[in-house]
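Report on one structure; see the data block that follows.
Order of writing sets the labels: A, B, C and D. Residues in every chain begin at 1.
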């Protein structure tokens, strides 16, 4: 599969090269930058500075869906891992009921939203993930999280045995790029999209043995 | 056949969760089929045809001399070849930017003022009708965007880059939702727009009547709301990035049959 | 060449003229009962039936309600009410959990079948009813549950 | 004045299926605008159908009929060439009448 894509890519490159011999290749980086800056304007809380890319987004954009080489991906993942702040009080789980509300809520950060504060944001989780079995309106961009804790053998989230899964999950929510440089998941903690309390509620939704997710 | 086998295998593997998902998808398919007959977009098509033929604007002229790419006044088949390069403006234009050119040159309207008008207001209402009718005149035809002009190829490449451009607080790009096959957001199927996603899907389904809001949405409005949900800043109406994305999606949709104006959630 | 709209508006003008001349017998004789505000305000089946001067409805296999099991969007839900029984006076379409139950009421004449389809708004998942009010005073109904799913991105 | 309706009437044997689309907001009176003010109800209340000028159907609608309403019904005994007239009146007294030929 991967080889085939490579072959197609190189054939395309040959084509482009063929054209280039007739006319100078446009400076696409410059044209792209010019196009983006001339096409967008501020609206509400969504300002044009949102177009600025950090290293990770720049690299993943440039890859156009292909996997990054390890030499590029690893530093991005290491930096992301370092960015993660574990909960100050050492408590990882909140209330799964609040977590379910956040998971259902698809609002936040658009130019029609009034505030960019975490309190105004939903988790958008069901947009991409199956979570409880009761909610049939769920997306499939991300993996199913139904039975997330149960499948990982979490019977007591406070136990030492559960610690690795709990910390992995917190890290994933805080900054998904820690494990996958081009993850499609928003960096909820790192980006200031959700606060610690909200993240704890989401943790409870998928890890609390009492949550419907783990029934 | 192959598809069925894959689904059958998946059901066996994933058990009850997927079986339920399947029935929800069936339910939605049934719902859409029940709505297929009697698309309110027809009401907008009738309006659009009238707007094309009626003398309007400061110059009291009709749009009948407008060249949508296939010669003055030729409407049939024009939609499935847009966006394309126009020599008289020396620009690659999509349907809506081309309509603005004609409204300005033939009828004397202020194109910049219309571009600044919010969707669903003033002359933007005319755009809803015009795009509905003009797309309907190409219903059943296959997309076949020209790529002969250097600017058309250049715009395609820029569109591709824009499609994969990640940014904003959620790190989303167009590809976040539309870069893979067979994905959904909630219950809505997401067309894979990096290739031809099939007849009447993705680029080949807009403009469309949105049942959720009871509004007619042009491709420009569709893209505008995509960027809103992508948590990006506001793309200008007929801005370069929106036209480049149109070229990218339109060229990728080569051979797909247009069902526009379609009926959408 | 006439546009569709011109044709439509011309026929509308003709229709308007005919109406003005009293040439639409139906309109001239105004068979339509006055708008039944009480029926369209009714919150319960009992209130509704009272406002229509009818008794309690009975479930019947001879009445059919059509609608999707799941509606992708509550703003537009296709529903239909029909029966093959003779002697139908009126057909109703109801949505149990809407602020007011009654969506549409159709008076059935000799030239029209007791079979109507339209589209309604639904605020939430609910039963929808088709009700047939018969000439002999019987009131028959069929019910079906329609689930209304959330929208795409909730934004 | 309100926009025209789209009426299609197709005969098959002695049954004619009539499909109508009407351009109307069908505002429920329950919604609020951006400023928090209730948007007043505005909806079609009465619909009438005529076959060759004779009333064959009268209907009353509430505000829960969907925006840009669709209506389908079947006529007995109509044939190709017959005229179908549809009229509506809304709660503000606005009216619209259109006509189509059975095909």
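We take it that a contact is a pair of C-beta atoms (placed from the backbone, for glycine too) under 8 Å apart; a residue touches a chain by one contact, two chains touch by 3 or more.
Just so it is clear, the model here is predicted, and its values are computed rather than measured.
Chain B has its Cα centroid nearest to the centroid of all protein Cα atoms in the structure.
Between the interfaces B-C and B-D, more contacting C-beta pairs are found at B-C.
Centre-to-centre separation of chain B and chain C, using mean CA positions: 34 Å.
Separating the centre of chain A from that of chain B, both taken as means of CA atoms, is a distance of 27 Å.
In this assembly, the C-alpha centroid of chain A lies 47 Å from the C-alpha centroid of chain C. Taken residue by residue, chain B touches two or more other chains at 24, 46-47, 185-187, 211, 214, 228-229, whereas all remaining positions touch fewer. Residue positions of chain A touching 2 or more other chains, listed in rising order: 110, 112, 124, 126-127, 136-137.
Counting partners per residue, chain D has 4, 6, 66-67, 70, 72 as the residues that reach two or more other chains. Chain C meets chain B in the complex at residues 3-6, 8, 66-73, 75-78, 119, 147, 149-155. Chain B meets chain D in the complex at residues 37-38, 40, 42-43, 46-47, 209, 211, 214.
Across the interface of their complex, chain B is touched by residues 3-4, 6, 19, 21, 23, 25, 66-68, 70, 72 of chain D.
Put simply, chain A touches chain B in their complex at residues 19, 23, 26, 28, 31-32, 35-36, 38-43, 46-48, 50-53, 56-57, 60-65, 109-112, 116, 124, 126-128, 130, 133, 136-141, 144, 146, 184, 186-187, 191, 193. Put simply, chain B touches chain A in their complex at residues 17, 20-21, 24, 150, 153-154, 157-158, 160-162, 164-173, 175-177, 179-180, 182-187, 190, 194, 228-229, 231-236, 239-242, 244.
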